[in-house]
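A, B, C, D, E, F, G, H, I and J label the chains in the order they appear, each numbered from 1.
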């Protein structure tokens, strides 16, 4: 099941430099693990924004929420979730 | 160069049935040609909407505009374009 | 898998009276079939609005889209879809 | 009398850890008491959000306000209230 | 139970003059009956708008919906409903 | 001359507890004096919000501004003012 | 008593040419009478818009509503009303 | 004096084909005359939109309004005007 | 050349009392100098808001920006600028 | 390839004066280097705003993102990116 997810990041200016570096490193590792596992299908930077547009392929809503809720940057993010379905014009639709 | 494009379709109720069928058939063929050519990378239906979210891979802005402007459904669409770049956490970034 | 769906209806004034009556009857039957089948869990009227708030329990995104796309009133509706998950404070969470 | 209520939570970063833990525990207990009492009919997590969608069944507006105003998290919430009525297509409408 | 209700009216230009006059007359009579009955407590014109702000005193949500749904101008209105409760500073609160 | 006024209150978390209690007490007294004087005609709590909807009956714009500007909570409020006129359907219109 | 009023005009394309010319002429005469009478203090075109920003000096809300409601273009306008008061920095404040 | 102007075009579907072709031809000629005259400094298509972003260099507000008001497509456009000034970081600022 | 300018003021709570008093005094003097000089034509308080609506008469965009940028309260303001032109119905239009 | 970019700046009040001065100096130098290099084609101040409207001419999306992400003021900016294409009415279109 596919979802488009847009994440806007707003790091507070007074975030401790070490906490910040650590959180960003954990976010990257967390994302890359899920990419390798096949659930975080795509991640793109939105040009000129501290934001990404991502595609997730997950078993269900519960799993998507679990993934997003546990993002190391979750508390600094505004998240928008769009459920997707197969498009009838998709050449992969057979 | 990648772009996310969201297209919302609003067909007028008084559109002639034949014109409608023909336009939809041409839209599908147009999209599938570009999918096969590699420029229209992905197309998903947004659940519960007469809308799609698509990813385009094109040479430049001019080419993207040419593709969108010539969509058979263009005059019935509201279109939103988001330029994308590689995300530093993308495992494909090497 | 649960979804909240908000549907706003705007019937065109020039809709033929018979078509209108028939479409509304089909919409009601369609909804009640899905309620009896357990997929359309709840439907409430929003006070003072030609709108409903509904809860759906479906297998996946594809099924939800199929249900909504085939609503007899679909072409006259504005639809908003919100994916839901179990809340940790829900007493049913065990 | 039914109401849909959407609650978005925004905990301040500088909230004392003990106060935070205590407030969250009281919020959970408060919600579960009202669930057991039958006034807080349903509570769902909105996927990817620190938000819930809830259904309340209360005697009147005064009672709903009393419940919401006394939520332990009230001062950190943005709340949206939608009065509901029975829908004519509801199979429970008889 | 009190509710504030804002109604914006948009009459279509092609509405038949007799239908228009008749609908407006029925709207006025309908409103005045409810005012005399004590359920439609206040009605004010919003300056410079084809809109009114009204206060309703009704038994419950069902009754408010019934009143609004049956407004002769309902199909030409955009309606906004706000549930009210007693304010602690109200001198009538005792 | 009548005005509808909506006031949303947002007290800062770091407001000194005594200042807070004193400001709220002064706000209540200030409102009740004006209610007794007949200028602050009605005040209702909006359900689930730290907000009120009020009706003012004042001599002119200058007086309304003077009243609002001097609210003890003014600096913590977002205020929306709507000028009202008599509605032709008002049974009090004679 | 002063009010700022913003009026956006949207003439329907199918308005009969004579009706259109007549309505515009009546609008101009109506405005100029009120300007000469001192109630319509100022009228400016907003650059690039079919809109005006105006200042009215009227006895009360009732009179302002009467003026606006009877604008020959009223049914084609979207109107925004802002009550004004004397500014403490105004050199005319004495 | 510089202004940024954004123009969104929405041609009605029932516009006569000849009128449409003639209007578009006149719009193009009108724009190109002003470009050659130096007042319409730049015009760009916004990708995927029936819109342009333009820069105007005109004597004053009156002249800008005159230019925009007389656009052959004016009645089908939504226009947004932004006054510009020299930026202190502009290398042309000397 | 005329412009309408709307200024919303939001003074931070932790602004030093002396700095605050001094800034407000300088703002008032600055405004009154420009009023006397004829460039700041009108200033009105918006009822119930810490905002003003002003009319400026300036040589060009550069001058308007210079005036606004140097407002003592500039850093605490949200500003909206609307270029104005003579309205064809203005009796002063001759 | 051309892009319009709107940048709104919001410097925090508690930014150290030296850091502020240094950041602004680096921003100016950064912008002017890119202007001299031909990638930052135009930069205008938006009247009355701490904002600029700029035109960029870059090789691709990746380069535009790199430029914007490395703006010394990036963390204090809200940025809006609009991809542009040649307009058919542009006299430079040949």
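Just so we're on the same page, a contact is a pair of C-beta atoms (placed from the backbone, for glycine too) under 8 Å apart; a residue touches a chain by one contact, two chains touch by 3 or more.
Given the structure is predicted, the values throughout are model-derived calculations rather than measurements.
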item	value
Shared chain contacts [chain G and chain J, defined touch]	H, I
Chain pair repeating F-G, as identified from A-D, G-I or A-C when over half of the contact pairs by residue number coincide	A-C
Averaged-CA centre spacing for the pair chain E and chain D, given as whole angstrom	29
Chain E and chain J, separation of their C-alpha mean positions in angstrom	50
Where chain B touches two or more other chains, by residue	2, 45, 47, 61, 64-65, 81, 83-86
Listing of all chain pairs that touch each other, if any do	A-B, A-C, A-D, A-J, B-C, B-H, B-J, C-D, C-E, D-E, D-F, E-F, E-G, F-G, F-I, G-H, G-I, H-I, H-J, I-J
Touching residues on chain G, where the partner in the complex is chain H	13, 45, 47-49
Complex contacts: residues of chain F adjacent to chain E	2, 4, 27-28, 31-32, 35-36, 42-47, 52-53, 55, 82-91
Complex contact set, residues of chain E against chain D	1-3, 60-62, 64-65, 81, 83-86
Residues of chain G that touch chain E when the two form their complex	5, 12, 61, 64-65, 68-69, 75, 79-81
